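Below, subunit A partners subunit B and then partners subunit C, in two separate complexes.
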Partner chain A sequence: MRATEFSPSIPSRPVYGGLRPHGALPSLMLAEGAGGEALAELAKADPPVMRHAQLFYVPSGAPAGPDLAARLRGLGPASYVEGPSWAALRPRFVRALADAHMGTRLYLAGSEGLIGQAMAEALAAGLPLEAIDAEHRGDIARRMQCVHCKGITENVTTDPFICAHCGLNLFVRDHYSRRIGAFQGVCVDAETPGIVPEPQEIKP
Partner chain B sequence: MTIRFNDETFRDDYSYHNSPEAIRRFPFPFDKDDYMYSVNMEPHGTGGRAGSVFEKRFDVDEHYVAEMRDRAITLASDPLRCQSLPHMELAGWDLLELIMQCKAEDYPELFQLHRDGDRWHWVNRPLGIEQRFTFLDPTTLPCGPMEYITRQAQGDFAVLDQRENNLWMDAGMVTSQADWSLDFDIGMNFFEWHAPVPKAAEMGIFQRALKFLLAIPQGSPSRRLNWTMTVNPRLDTSPENYHLWGPEKRTITPENVGAKQYLRVELQSFWRLPRSNALAFPIRCYLIALQDLVTVPKWARRLHRVIRDLPDELAEYKGFTVNRQIITDYLAQFDDGKPTSPGIFADD
Partner chain C sequence: MTSLMLRVTAAESLTPLVKRFRFEHPRGATLPLFSGGAHVVVEMPDGDMLRRNAYSLISDPQDGSGYEIAVRREDGGRGGSRFMHGGVRPGDQLRVSLPLNLFALDLRARKHVLIAGGIGITPFIAQVRQLLRMQLPFELHYAARSRTEAAGLHLLPDVPHVHAHISDEGNRMDLGAILSGQPLGTQVYTCGPEGLITAVAQSGARLGWPKSALHSEVFQAPPPGRPFEVMLARSGRTIAVGAHQSLLEALEAAEVEIDWSCRGGACGRCETRVVSCHGRIEHHDHWLSEDEQSAQTRIMPCVSRFRGESLIIDR
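Coming up: the complex of A and B.
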């Protein structure tokens, strides 16, 4: 599976430049599902990178086939931590961010929701944006913040969608907050309550 | 000069109103008969046209007390309208000093500031506030310095950090916004928070505006006017509450458009702050009902032409496409086709 190619969008929408080799620098790697393939490709392109890498992996949603988790482990990272979900893995990842030294690079690969949340944690921990590489892999579901109730709805695949917290019908604005790691959802029938357009699948 | 402060509301029964004097000094935003985005900056500061909203550095008008009451109502239901990232505290003190000093100098009968070293004594007569505090010591104020002073100053305030050749929306008090969310945009840079604005980016507007703003020095503030349309004199047209005020936008009829449709003008100004090097960005909102605006023949003619000829996507972005025809038809009856004089002022 290749990195997702997105259609042109507004400037607040993140652009995922892909994982590029930076050589034998200390690094943190975090991938989810198909994102593991991106790490495997990086290791192939830049073999020394793995020896200095702390690798975090969430196998959920990984495509069928040879066990990607086992392959990643086999690449010989300095450490390997696996979690059943991002939420479960997060405390250990955040601890690694806190312990990271100056000059540490971060590689993120997976869904937009995972990249966004992990990047928000990294920026909050003081990593500069230039130290972060990200590559989008897997489904194009979006992480949405309801501008009204502030609740986050994960894995949104249609526009409009229903806020998982307040139940309003929200349309998907391309506007993206790195701090929140989410797109903005705005009430679609605010002016005409009850008149909601037919939901469409979100396009990349 | 004495100001009679209106007892009025910006929600529910909408008793907001402009006196004849307030109508004459309204900051009409169009200096010619058509409109397109531009970096329409001009110098701001003391010595503006007498009687106009540009005369004083932070204009105080008949709506002051009611606006501050409305801000308190909004904050009580949504504290996220006022936020300041941790590194912005010093900029908050800069802003407090700027506003207190300007108000005390420009309106000595309403505001007083006594300074004895870092021990300050602030008197705000219209709001009945008297506060002794130690400058730069946050424990001596009831809340953070930015929140403290912007609960006493009309208009929204964004405080922008300057670094990496960019401006960052890192603090603000935003309760009278034209449909943008401080809570969502906080921490964004200049290009990110403007991302939803159509057309302007491809016109190069933001690049030029940013270049100008980065270079604003201390003591030389600038200003520009921006505008939109709002149904009812509502300050809190926030995205947060869009599902609450949205239905009102569909209540405009040919019979009520003059009374219910308001032109909303933002007087935006830009101030370099001395200690933090941040940029203070006050966004002062003025509202006028169309039926009041058309009492100035020049404005009636011109607004008709601007609204009639506005590109569709600008009307869409400003959110009045649905009422545009009714507005245009209403204004047409006040446009006799005569030429209008240059400039924004009523009597020129």
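Coming up: the complex of A and C.
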């Protein structure tokens, strides 16, 4: 599976430049599902990168085939931590950020929800944006924040969708909050209550 | 540029080469407060020349009773520092611009690392006061050749955040050690000679620091050079720039209207379009990008000079 190519959008919509080798600097790596392949490719392009890497992996959603988790562990990272979800790994990831020093790089690969949330933690911990590489892999579901009730709906795949918190019909915007790592959902039938366009699959 | 006529109330030698000056309002009025890293531009009427030099404020940013600066005598310079050292005495009045800060602390940082070389200590003196008052984590590394030359030691508080690196005591500054192991969210500020700023950039790059976390201010007065001539496109006049004069000063002497603020090639205010250039512009600014500089289509008259056949600028 390749890195996702997103269709052109507003300039503020996040795009992901991909994982690039930066030499043997200390690093944190976090991947989810198919994102693990992006880390494996990075290790192939730049073998020494693994020796200085603390790797965090959420195998859920990884495509079938050779066991990606075992492959990642076999690449010999300085440390390897696996968890069933981002929520489960988050405390350890945040702890690793707190112990990190300037010069540390962060590599993120997986869904937009994971990239966005991990990036928000990293920025809050003081990691400069330029120290972060991200690559989108896997499904294109979005993490959406309802601008009305502020509730977050995960894994949104249709536009419009129904807010999991307040039940409004929300239009999927490309406007994004870096602080909370989510796109914004805006009521689609505020002016014409009840007239809601047919939901469409969202596209990359 | 808004300015005030201020009275010199103290002039004191800190070291054989560095003098501290204090300015107060002649009627005792309170002066506008500033932030650490701010500078003022002092006007120096020197014979028939009016010189303007920028100096970092070294007094307490929260103290409006006066402004203080430290001036190092540069015998090879253009004469501004010699004027201050030789001619300025308590009781004199000088025109001083309101403070402007082009080297402010990034207050979003988790920690601040200040690195000074020689007289580059001046902007940090006010910043240290600000950081101590705000109780923000910081460390200051101050490199000087010898203790007698280290004017900053007379101006800095005696706190554990301040590290002096005196090379003739065999205690040189180790940039690799300073930049290693700093917590996430640290910002670095360097002020001093060009060589120090380059060395910090190089060590930083080697250790993986993003450029955006490394700030610097080269403390620069306009460098003297060979005299040259410039033609002004709007009036068709040609003006001469003396060896110890900047192009900006020559434009001012010719009463050509031009905006300025830092007079050190950092703020961008004096940027001027080049209409035609047969020769080489000696760019000394930190404003134009490398590409813009090599294109020779813009010049910063406060610091940059020209060598060659003819230069026509859009003034």
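Basically, the second predicted complex is superposed on the first by the 204 of 204 C-alpha atoms of A that agree within 3 Å, B and C clash if a C-alpha of one lies under 4 Å from a C-alpha of the other, contacts with A are read in each partner's own complex, and residues count from 1 in each chain.
Going forward, a contact is a pair of C-beta atoms (placed from the backbone, for glycine too) under 8 Å apart; a residue touches a chain by one contact, two chains touch by 3 or more.
What you are looking at is a predicted structure, and each value in this text was computed from that prediction instead of being measured.
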Partner chain in contact with A:22 - subunit B first, subunit C second, else both or neither: second
First (subunit B), second (subunit C), both or neither touched by A:126: second
Partner, of subunit C and subunit B, that touches more residues belonging to subunit A: B
Partner chain in contact with A:156 - subunit B first, subunit C second, else both or neither: neither
Touched partner set for A:190, first subunit B, second subunit C, both or neither: first
Touching partner for A:102 - first (subunit B), second (subunit C), both, neither: second
Intersection of the subunit A residues that touch subunit B with those that touch subunit C: none
Touch list for subunit B against partner subunit A, complex: 80, 181, 183-188, 191-196, 201, 239-243, 246-247, 249-250, 322
Footprint of subunit C on subunit A - complex, ascending: 22-23, 25-26, 97-98, 100-105, 125-131
Parts of subunit C lying in touch with subunit A, wherever the complex brings them together: 109-110, 179-186, 207-213
Complex contacts: residues of subunit A adjacent to subunit B: 10-13, 145, 147-148, 150, 168, 173-180, 184, 186-187, 190-193
